[in-house]
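Across the two complexes that follow, chain A remains constant while its partner is chain B and subsequently chain C.
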Partner chain A sequence: MLVSNLEIVPGKRIQKHLGLVQGSSVRAKHVGRDFMAGLKNIFGGELKGYTELLQESRQEAYDRMLQQAESIGANAVLNIRFSTSSIAAGAAELFAYGTAVIME
Partner chain B sequence: MIDLIIFLILLALGYGFGRLAESRHYTSIREREKELNVIPAIASRIPPHGRPDFDIHLVTGSVVISIDYFKRFIAGLRNLLGGRISAYETLLDRARREALLRMKAEARDLGAEMVFNIKLETASIHKGRGGSIGSVEVLAYGTAFIPHQTS
Partner chain C sequence: MVRHLFLIRRPDHPSMEYTNPELPEGINTSKQNPLKEFAILTLGMVGVLFISLTLLILLVDYFADKIPFDWERSLPVTRFLDSKNSEKLPLYLEQVSQQVIQSLDLPESMTISVHYVNSDTVNAFATLGGHIVLYRGLLEKLGYEDELSMVIAHEVAHIKYRHPILSASHGVVTGLVLSFIGLSSGDGVVSDLLGSVGMATMIKYSRDYEYQADSDAVESLIRIYGHADGAMGLFNIFDSAKGDIGTVEFLSTHPLTKNRITQVGTMIEGRNILNKNDMIPLPQAFKDGLKQP
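Right, the complex of A and B next:
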């Protein structure tokens, strides 16, 4: 599966557009991590736990998007965008979307 | 009285450790930026023409970074007076540069020559009391161009 956030891929032609594919994942914070985050809020610095947490859930959203693309028979996803929105206090939605295409 | 003492201690801790963390972070950012300068990150949407001998790969880098207690307090004061909040400016600057560096590091591990169509996305994660920003997440992503291994 070819995945890119470009609209066109050099040297390859798009045969067919299959439309939008998307994947999302909503995650809540973790008490232990939240405690560490509380400490870091005093001292400043990177919140490694959160970085990992968000990376994991973004990966999940991304994988779901790719699954959807595979299920409709695409062999590439182009023009991928990521977005993050906080839904409620302590929960965030990670969202990935792109255009599924068939490439030659 | 006790509350005031705790508050002052927190301010002092935030000031001391926050400054230390920031200057250390900036030193490491500068070093790594020099190292990774060989991979240009290009914000252009249009890929280079006439050279189709590249593999492409999506690369991402992200970081969640928190502001310290002292700076948050200063920023709170600024909210009354208005004007530039340099405390948040450095926070966001550090987060963006760190995210870009992580993205470039991933590109380097893949053997990429350059990274195209860079997008940066910022989200505030942890809101403190009164809706003040506690920490921000920055995600940087782009398409790495990896030259074909010619045997």
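Right, the complex of A and C next:
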């Protein structure tokens, strides 16, 4: 599966456009991680727990998007974008979307 | 004249097809019934919290017991008493209290202060620093010195076992743990649930304390009067005053009167000391003094 941020892939022809595919995941960390992050907030530095949280969330959303693309028979997802939003205190949504296509 | 018809065609996509096939469901949403997860989370949370709080309270008990009574004594507890209605202890009350305190074998460092509050509240309590507060409302309901001694002995026993400082420590620990979890969850409903679990944990201890205090108070009565009719008399007064019908023991701080009667009954059973109609009536002068506005 070819995955790209480009709208078109130079030198390749798109045979079939299959529409929007998307994946999303809302995740939170456990109390201990939240507490650690709260402490780290006082001293500054990287909130490693939250970096991990968003990384996991992004991966999950990405995987789900690809799963959708596979299910409709695409062999490439183009023009991929990510977006994020805060859902509740200490929880974040990661959203990935792109256009599923069949390429030569 | 020949008109040329131009077909508009993208040169790089000469034969591209556009479709929007239907996507399968269940990739971005869970197929699992949310109730199942809810049940697991709730039961798990309640269980873990109950066990950890119980363990933590046991640990705190170990340290709270080491707090010197003198230190507890220096707390400005009496400041919170309703000073407007707080009166000088009637002499008779003082005498009965001394008799009871002596019968309970308190550690030497422990001093008890008995307070009398002129208020309709039907209550008596023991608090930090060895202070016992008796309300006129409760004293008015009593008919016998034995019953009065039972009330005082029960409260003194609380202090003897240092229940006030233990309860206060439990409150602080439970509050800390709950606010730690509750704050980070940031949800009012979850915090409420956690609060109820904390309450249930503390109430369990609170009830154990009541039974312990009852048990010592009964021993004290037997030592003073040779029988424990005062305890039964007092519980009967509670029974007729409130009526425990419909209350569930698990959710109330004091045990059901019925269960307290059973406990005391078991204690005096077989000791051949149940001696009816042998209680000392309260002096008329004392009762008249209570009725004054």
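In the analysis below, the second predicted complex is superposed on the first by the 104 of 104 C-alpha atoms of A that agree within 3 Å, B and C clash if a C-alpha of one lies under 4 Å from a C-alpha of the other, contacts with A are read in each partner's own complex, and residues count from 1 in each chain.
Note that contacts are C-beta pairs under 8 Å (C-beta built on N, C-alpha and C of every residue); 3 or more make two chains touch, one makes a residue touch a chain.
The model shown is predicted, which means the values in this text are computed figures rather than measured ones.
After superposition on chain A, the partners chain B and chain C are accommodated together without colliding. Between chain B and chain C, the partner in contact with more residues of chain A is B. By the document's definition of touching, neither partner reaches A:26: not chain B, not chain C.
Of the two partner chains placed around the shared chain by superposition, chain B is the only one that A:46 touches, whereas chain C remains out of contact.
In the superposition on chain A, contact of A:18 is made with chain C only, not with chain B.
Of the two partner chains, chain C is the only one that A:88 touches; chain B does not reach it. Looking at the shared chain after the overlay, A:9 reaches chain B, while chain C stays out of its contact range. In the superposed pair of complexes, A:103 makes contact with neither chain B nor chain C. In the superposition on chain A, A:71 contacts chain C only, with no contact to chain B.
Here chain B and chain C sit at a least CA-CA distance of 11 Å once the structures share a frame through chain A. Chain A uses residues 89 to touch chain B in one structure and chain C in the other.
Chain A meets chain C in the complex at residues 13-19, 21-24, 31, 34-35, 38, 64, 67-68, 71-73, 88-90. Those residues of chain B that touch chain A in the shared complex are 10, 13-14, 17-18, 21-22, 25, 45-49, 51-54, 56-58, 60, 62-69, 71-72, 98, 116-117, 119, 121, 123-128, 134-135, 137, 139, 141-143. Residues of chain A touching chain B in their complex: 2-12, 37, 40-47, 50-51, 54-55, 58, 80-86, 89, 92. Interface of chain C with chain A (complex): residues 12-13, 15-21, 23-24, 27-28, 180-181, 184-187.
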